[in-house]
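Please see the structure below; I have some questions.
We call the chains A, B, C, D, E, F, G and H, going by the order they appear; numbering starts again at 1 in every chain.
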């Protein structure tokens, strides 16, 4: 794999194809170490009211801005309007135009409200944001989001935090055939092989949080995910053997002793 | 992962959990490089009549005996007797007691003849071989092979060279619960995620040949497989999140702006 | 199964949970016979320009209006406006308010344009149509369509005519938990077991066309689908055994001879 | 489907391709009714020590010998010798040469001991039994059992009573290509669609017990299984549509209004 | 539908047709020799209900769609 | 099956029974009060065919299995 | 933030606070003792850019959101 | 390996070879021009250990297999 296999997102080049969240870790030390081991260069953060008690540790202490690009999300927003308001604050705070646009449509499943997401994306792209929308695995929606100027599309593999893996590889494949912007699998990855599968399908990157932070040993899982994403990408580029119902000998069939 | 996570086989410790075959490469240079990139420490070889033409290149030129342990196979044998005869020659030739015991029962699918395999294993273990039998994913047979003294069992994931991946993870899980010797997935791995899945199930190592040698870019696939095996093992040790039908938020659910 | 297990759609009761299309048959005789063998009581039809040649056979000759309820579709429409116009003509022609609302978003995959579908549904429900929208397997959209007054939602199992079966049972399950209107699996069923799976998941009915009309023997496949839908429904009502990794003896474990 | 689609086993013709067990029902009345609804013509029974209390109800009261062929099993036997002894008693008792040969190799999983099964089959075929062996999904073993004269082979779909369905359709397909005797899926069927899948693969019949007897409503599940087996068989004969990644319109693509 | 002085040009299913001036929808359907019970008619984007076919006269340039049900899924 | 001088001890389905000396298989089945048409009998590992029940007398220490069909899968 | 005649009531993150009249956003952030570099401020639904904090004075009834980044996915 | 009076016929890897009478395994391997360190030899179904190559003479009709390792999986 040559150096040119960088992951290009919104004109910038990244070596890593793993984007990680920063939620659900035990403490900031664990967060910092997990990020480091994951090899990620882009990390998601949420925006919330500051706690009005002096001396609170800040997530930003755990994230070296030289090393990681911040990707603020709009998690918890249920309308385009809420998401846009959150985006404005995030831009002010993060000095970044990067935005993981997330408009939730259902509290129990955290499935996106694709309609509101599209409405918000239209506005935010015009306002200069680099919009990365979290969406269902809907090829038609993906194309519309590309058309309005999103920098990537981020279909879910399975519900957020569910760990179910790639529920519908067919739809991901069709999305990959449909859009030219990067396709980032967001949500649902449960273990290393899930991440590898996403890359093997041709997806350009994977975004995950619970799969790492919720593991029994998050630091080791961060490494596992880093390695799995690399493995999956290499396997995609290397061109796997076709599947066959029958066998094909790996040892020579001639020259046997008699 | 500490240094103690070595793969222990027949009393020896290995860092790598990937065992690779040496068949089907374009030439010896490719063989040598693929082995190197795979990170394998054990490599399988077949035994065949020598070509009676002077100046033939030898596979052994491509395999540094300091770096790799040779694992001769009995590929192409259809009876216990043939396999035993081949084993004797392999021991003489390789100065090793290691043996991948393979007794084929069907030419088209290369499925093992489990009955003959067990018969051969009994003899060869008594003769001092370290027997690693290639078998169907049959837990009862696996226990019998352990009982007669095999050093590991090597159930197939899918037909040799088929690339179908882990067809029946349930049976592998049951074999893992049944025997104490290492369980090495042998045959059928098609791409990186397949290898990761094997390790995530708890299998101790993976053996493959066509999955690497048959890829469009075998050298890159060798790296992919190396990384995938490492990723899968780490994920197994790290303890993945449980699967859930519904979602679990990764961003905080309180502190939203209003 | 008591008589009360009727399929209730828009206030009417049906015995059959199989809705079939009328496209792609060799001729009207085959259409007629396939409908009959399928046991369907609701059949979909498309609306097209009449051929301006006298003596054309008419689909309606093959469909006894006493026996089958017509469900006109808006296949081929790419905007809400086109679908609404088609709906108006269908109502005039079919003397029915029933409508399979289908707004396509992509010519190659025939995936729905969920946004336009929702827009059209709002208008058509207000105009008194009984709207059955063909949609992606998006629980949030399903709830919105229920909220605007659709009589059912019809998520696709897989692309129209693909025969891939239920690609994502998880999403169907979540839709079933989300809406109270009937959930009808539309598109993608390839063989009998696919149809059974849909009903076993709890879906209320299945709509198919190519799975029957494209089979080598469409008439026999019509019977197979009829039987499979009945079997799947009964299995759903009968409450299947839970899945277990291990075994559970079906013969007594005591009383063995010794 | 013409009358000639009978299931031919050991020279006899049966209309039903569903063989059912008689274990685990609440009482004999339920047993009788479940058998009746299943449509089965062959039913398995186990052999156990008679209870030495007068007035015990007998299973045979529930099974009309005019309607059902008895298929005694050797459930609970762990060696060829035990199975042979049980077979002799069963023949004496049942006045039938039919035998479901079952030699268990592991108490927890009830996986067969394939080696002992083959040894017993050799003896029992010579003694004139019509041997139907319960085996792992091993094509090489299946061929050996055919070679020694078994009337069918009965690979398990999944562990007995597990309800996991067809774990490895590939192996079943290969067995179907390998032997000429009927292939009967035995054990592991959990719900109607599992049974349909077995027939769709080309298997000739299905044997089940827990899938019916363990359902919440065994009688309704008996009907579901009956219908599913019929549906699966018809679908197999009807020739399903091929699977495609993309769509294929079922409504005409020309004649749209403009 | 021969051409004459008092003819009206309309588009039917995308093709130009000439009908006598004052031709109604009902008359058009008759001329088309299609089964009148099995078609619906749209004129300039609006459905013409069957009960009004006899009273609606065609105007020069009208775009008519005459549709029926065909097999579909 | 009262005990007396001329009794024979046999094992039936694992439990010791005493029967009068000379007791045949047929008589044993009768004594057990099981449905004779629905059992098969094995004596010391060999089936005793029904047609021979009346002639086979039990010996001291015989191990008998009296079996029937029960529900099974 | 003691109460006096010249106090202004504002809502900060949903809770009522009293600040002296003329209090700016910059002063408010200082009073809240939060790390000024790590918060953003919204006033009545509009972001107040950091460079304007010193000049924007709070009005009675203003609704302020003071937010920061936290862990999220 | 020219033919002469004192020649011995043996089969090597399935093909007939003639060697001088008294030819040892060691000599045969030399004549075959294969890398002696990389082959093993079986004679009439039994391995001839390398250390005995110099002392084992071939007999008329011996079936020899001379094998090596090749790529395999």
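Side notes on the structure shown:
The rule is simple: contacts are C-beta pairs under 8 Å (C-beta built on N, C-alpha and C of every residue); 3 or more make two chains touch, one makes a residue touch a chain.
As the structure is a prediction and not an experimental result, all values here were calculated from the model.
In summary, the chains found to touch both chain D and chain H are A, B.
For the pairs A-G and C-F, the count of C-beta pairs in contact is higher at A-G.
If each chain is reduced to the centroid of its CA atoms, chain G and chain H end up 96 Å from each other. Note on chain placement: the centre of chain B and the centre of chain G lie 64 Å apart, centres being C-alpha means.
Averaging Cα coordinates per chain places chain B and chain E 74 Å apart. As a whole-number value, the distance joining the C-alpha centres of chain A and chain B reads 32 Å.
Contact of a single residue of chain D with at least two other chains is seen at positions 21, 23-24, 46-49, 73, 75, 85, 89, 109, 111, 159-160, 164, 170, 174, 209-210, 213, 245-246, 249-252, 255, 257.
Residue positions of chain G touching 2 or more other chains: 14, 42, 65, 67, 70-73.
Chain pairs that touch one another are A-B, A-C, A-D, A-G, A-H, B-C, B-D, B-G, B-H, C-D, C-E, C-F, D-E, D-F.
Interface of chain B with chain G (complex): residues 249-252, 255, 257-258. Remark: chain B residues 1, 21, 23-24, 46-49, 51, 73, 75-76, 82, 85-86, 89, 108-111, 159-164, 190-194, 196-197, 200, 209-211, 213-218, 220-221, 223-228, 230-232, 234-235, 237-257 touch chain A in the complex. Listed in rising order, the residues of chain E touching chain D in the complex are 14, 42, 65, 67, 70-73.
Against chain A, in their complex, chain D makes its touches with residues 170, 173-174, 245-246. Across the interface of their complex, chain B is touched by residues 105-106, 109, 111-115, 118, 136, 138-141, 143-144, 158-159, 164, 167-168, 170-171, 174, 178 of chain D.
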